[in-house]
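In what follows, a single structure is set out as structure tokens and then discussed.
Labels for the chains are A, B and C, by order of writing; each one numbers its residues from 1.
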Amino acid sequence: MGGILLAGPVFLPIFTGLLLFLLQPWITTPRRRSLVRGALLLLVLGNSLWMGALIAICGGESPPQVLFRLYGELTVMFRLDRMGSVFAGLVSFLWPLATLYAFSYMEKEERRPTFFGFYTISFGVTLGVALAGNLVTMYLFYEMLTFATFPLVMHPMTSEAARATRRYLYYSIGGAAFAFLGLIYVLTYSATGTTAFVPGGMLNAAAGGKDLTLLLYVLAFFGFGVKAALFPFHGWLPRATVAPTPVTALLHAVAVVKSGAFAVLRLTYFSFGAALLRGTWAQWVVMGAALVTIVYASTMAVREVHWKRRLAYSTISNLSYILFGASLMTPAGLAAALAHLIVHAIMKICAFFCAGAVQTQTGKIYVTELDGLGRRMPATFGCFTVAALSLMGIPPFAGFLSKWSLCTAALSAASDAGGAAQPVVGVAVILYSALMTGIYMLSVSVRAFFPWRAAALPDRRDPDWRMLLPLLLFAGLLLALGLCGQPLLAALAEIGKEAG
Amino acid sequence: MSFVQNFPFFSIILAMFSGIVSSVLKGKKARVLSICAIGVTMVLSAAVLAHCVVTGESYVYWMGHFPAPWGNEIRAGVLEGLTALLFSAIMLLSVIGGVKYTQTDVEPGKQNLFYILIDLMLSSLLALVYTNDLFTAYVFVEINTIAGCGLIMITQTGRSLTAAIRYMVMSSLGSGLFLIGLSLLYDVTGQLLMSPAQEAVGKIVESGQYEIPLLVIVAVGSVGLAIKSGLFPFHYWIPDTYGYATPTASAILSGLVSKGYIFLLIKFYYRVLSPESVVRSHIGNVLFLFGVAGMMLGSLRAIMQTDTRKMIAYSSVAQIGYIYMGIGLGTPEGMIAAVFHIFSHGATKALLFLSARGLYRVSGDRTDFLALRGSGYRNRLAGVGFLVGSLSMVGFPMLSGFISKLLFATSAMASPGKMLTTLIALAVSTVLNAVYFLRLLTGLYRPARSGAYAAGAGPDGAAGGRGNAPGFRIAVLCLIAFNLILGLFSQPIVRAITEGLAMFS
Amino acid sequence: MFLLLPVFFPLAAGAAILLAGRRMEKVGKSRALLDGIFLAAQALETGFILLAAALGGNVTLLSLTGNLTMGLRADGVGRFFGVLTAVMWFLTAVYAVSYLKEDGHAARFYGFYLMVPGALMGLDFAEDLLTFYVFFELMTLTSLPLVLHERTKEAVRAGLKYLFYSVGGAFLALFGIFYLAQAAGSLTFLPGGYFTAASAASAPLLLPAALCMIVGFGAKAGMFPLHGWLPVAHPAAPAPASAVLSGVITKTGVLAILRSTYDLIGPEALRGTWVQSAWLILSLLTVFLGSMLAYREPVFKKRLAYSTVSQVSYVLFGLGLMDPLGFTGALAHVAFHSVIKTGLFLFAGAVIHCTGRTRAEELRGLGRIMPVSLGAYTAASLALIGIPPASGFISKWYLAQGALASDTGVFRYLGPAVLLLSALLTAGYLLPPVIAGYFPGREPEEPALISGEKPPAMMALPILLLGAAAVLLGCFPGPLLGWISRLAEAGIVG
């Protein structure tokens, strides 16, 4: 298969976005606007189908395709492997729906072409992260993602947005700077001489000195972890909620943050190698950081009354579930991390879209203002409740599956490591977090459906179909996945087995 | 001896003569002459580079065909050719890009003086690059200083005058120390030409004599040149100097002049002393330390600025720190990284100074962050230029800054003792760079407060990018392309640097 | 396949009432229709449960992950709890129709009230702990709206407290589930459990996991230290909801602990360990604490709720003994307490409904308004105190016997002592309304005599039935005890 086929889904959205900037002066009439809108949706959808077809045709495995050479052994190379397929498939599934939602959400906003331009570019860049065949390419797209998405955070152009953007940039660039060190280290001591991903890692373990290797792993873990909002580098995420909801929902609950988590997985299982790290102090350090994040963020979420910020804190804690899975350094850990990566994406985007729908319909952004709205917007809050239950890990919703995988993986890791206490603590932390999740999510639902303050309810309805369709789809999917998630878990377990 | 071998000599003389001729020309003609001279120099340097690459060896050229020790020796190799080419290219772009601002910033009667100084600057830089004679080097160092002072002063504002005086004092101190080093060297070896001096030094080292004088020579020479290139903690002259000159002058001073001294220092290490003896003297460790400190403190100071000119100037302090860090690693790889960063930073800084000036133009000639709000929309080209420059500084992949960072990092991996410090310093410095550059960048693309400026129009009535002079456009576009080339096709350049450094010893 | 019916029929019927019932709850005639549909559905559900309990069966629902299947199976203990639930639920439903006559949101109450037994059947008939857990959570969520029903600030607070304690407890227990799935390799219930005293030693976290499950599931049963929600949530709900919450739903916590300790871990592995001691200490502490707090509580429904806290821990104490006699006593107390407490709460509801009084000391002269109901209350109270021949005596007798027969060291004597003390306190908090109700006295400084209308027949009847049952079950305990002791044999020996 030609390289262009593989690179297509990455570059098509990028060029589409750039084209949109050029078209900006031309879009003046409503007719043209709807034309552009339709074309954009078709392109995004087509791109997703392209990606889907690629995954289906090569069955998640393709030969590497070198695009060009940055320097020396640093090549920009795409390769579709099974783990990449998981992330690419997830992103391709969510993006068209989110675009549809965004059309409705952004109806009244200004600078729409700019917004949708960057929004579409981010699609391509995220796929670039997923398809990257080596650490360099991933790093490249990881950096590009920062720059493709910061205009979206700045979109409201208020001073709050500018502050949030700056913080986002500083954190992301700073993270990349430390991830860069890991890249250099892998490049120097790679057994294959390149940074191409190899399941099980390709680091020449003897070369660099044990403690140094571990130190650089920790640095790189935290570096990539910044995008995954690892404590203490999580501060950008709650603030970035000033962005329009489609951004917060898709980018800051899925694409951007999951890129961070995905990068950590690549770094751990495909570059350094889990076997090298298992049982070392580095493992306990990163695991500890993930656990602290979970506790901190779920507690903060309870305290937060700004709805989207609360969800953002919830994202922080859930991302660290993934990182915790990654830090188990076992095949099951990887599989569980991937499972949570998928499931959390769906439930969080669902929750955020509900918040966004309420915001556009009623203008309410604080949890305390939601009394009784559930009776006016039953579909929206119904979907939110489904997402909440799934997020808590209540069976039969999908969230339970991933939580289950995580906890069993942790317990078996503990018994494999001769009764190490850390993974068991992790399970306890996850359960604590689940309780906090119940508190911060369900209190919203209860408030919406059972208001005790008999305030006059605004005469609002559920949003139009463009918003409602993704919501219902996601909620249905959560239930379906929870009931028949078996094949998915089996596939992920295969990936884990290969790379652990 | 092929004809091409004359070119280094020709280019120095050409630059000098055009300076002399310009003194009787009007401003505009002087400008044309100057631009032509730089362009020709560029071509000549390219020819020299090509010659050296083809023949694969360096050569020594006697000015006026007098043999040493009476004559003046010039030496040309791959690295010299490359440096001369890139220096003249950057200079050309800086001059072309700043033509319009030179007209407005410099008083009409002094236009030709400005270009005389540019010509002198060029000739002295070329001489520093090519010379094989330490005393010639010293002479051109002084010429360079004088030209530099002139370039700073020429705007004739109060601050630029104090800046020039400060520059003068610091530079003289630097050249003085360098001179002391030379005298001691002459005293010990009896040589001023580089090649014989190196032999003599080699013998002395072997015999074990004069250990302390040699150490003093290394130390004094290094400190002298370090002061001149603005290494922390001798950087106090930099912010005002770069901040208040015309954009052309700023670009040249920060992008090239300080690099000329660093190039001389490298030559001093490789051609006069030997890399081994430099490493043995531990001066490398000192430079490394100060380099790292400069990276941090320069960036920290840059963060504290609210005036963009000073911010960019402080960023130079940090970047000079990078270069010294590379030199201080004491390995060939570190040196390659340092030399590459000389080019990379030269190109990037020129781009930044020029585009920043383009942004000031549409912001009522104010330079503080607040005034620059939304200027990225008012002058799109300058905005893009600044964006590319900033991203390069931050080390965004595919731009030149990334390759520098990469080279520094990989070279650090080869020197175990300094590895961790270098890596961490690089990472932290990247974060700091991001803080001040991207803070400004987000400001550039935030709409100005309502009513400050009409949408898309500068206070001078120029709308969008339409107000940009053609020269400015060409220069900014070329510099952007230059950055991309350095970022994407760096391998030949790095190979050339490696060869050139090998030819040194 | 027949087992699916009692689980999914009420869920579907409840959902249908929720969706369609809103338009019927206001107008007179259609309201009667709604009530009729509700009662019919409830009767049908009761029939299904009884039928399922009689027929038994086995059905696999789905496989959730690789080695974890979910399924239903009606075993002895499940049937016991199922029958109990069916009877209580139906009686209370009859009462509820009358109680909610004036309520404008009855459809919502009916809908969720119908859904809960579906979840309850799911967990009663669960084949494995995972299925159990799924329905356990579902039960929490469907019963939550019952607590929230009044929509006062107090009710919402209580509802949230109920939710968070339940969910928190469930997650604590989930830790144990995770661990058992790992260590035992299966979560399917196996009488006698997967571990013996020997094999337990090789699973280092087994005992902590067991404690997590006991404490976590104990939240639902109102066991100390996670009992805080119960005295708040039960009184906040409408009386029929309080009745089933106290009478039936608290028992699911008991069932959960029973399932995880007797049918998964195995009594062998726990007997004589520190976990058993902790379990006994916690339950005895709760017994005493609950009675003490009930004694000091002036609000009638709250007093009954505290009483529930205390009484359910009798059951837990019995289970913790790991002894056939104790086990028999525990299950008997499940049945008796369920009958008694449902009756007491329904009575309290009737008092509120007819007179509007909520505090225990305001009930002076109640005997003149509702003499029969008060009689039933008296009977139930005596049964709860444990006065022979009423039912409570039987179960307490077995509990005490079990304690003495077990080899649990100091608890052999401490247990019966605490039970006795608690019985005294029970008399102290339940009997004053009886005395003041029948013998109001004539002192002028006393508050005015209570006044109000008589309770309607549909209210009085369930109370009467339950009161009678509380006594009669004690007089003729033979069949019930026979059934339970067979269960106990199976449960302990495996």
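Throughout what follows, contacts are C-beta pairs under 8 Å (C-beta built on N, C-alpha and C of every residue); 3 or more make two chains touch, one makes a residue touch a chain.
Note that the structure is predicted; figures quoted are calculated from it, not measured.
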Shared chain contacts [chain A and chain B, defined touch]: none
Centroid-based (C-alpha) most distant chain relative to chain B: C
Most central chain, judged by mean C-alpha position against the global CA mean: A
Between chain A and chain C, centroid-to-centroid distance (C-alpha), Å: 43
Gap in Å, rounded to a whole number, between the CA centres of chain C and chain B: 83
Residue ranges of chain C touching chain A (in the complex, touch as defined): 62-66, 130, 133-134, 137, 141, 144-145, 148, 151-153, 155-156, 159-160, 163-164, 167-168, 171-172, 174-175, 178-179, 181-182, 204-205
List of chain A residues in touch with chain B within their complex: 68-72, 74, 136, 139-140, 143-144, 147, 150-151, 154, 157, 162, 165-166, 169-170, 173-174, 176-178, 180-181, 184-185, 187-188, 212, 215-216, 219, 223
Contacting residues of chain A [partner chain C, same complex]: 389, 392-396, 401, 404-405, 407-408, 411-412, 415, 419, 424, 427-428, 431-432, 434-435, 438-439, 442-443, 446-447, 449-453, 483-486, 489-490, 493
Chain B residues within the chain A interface of the complex: 391, 394-398, 402-403, 405-406, 409-410, 412-413, 420, 423-424, 426-428, 430-431, 434-435, 438-439, 442-443, 445-447, 487-488, 490-491, 494
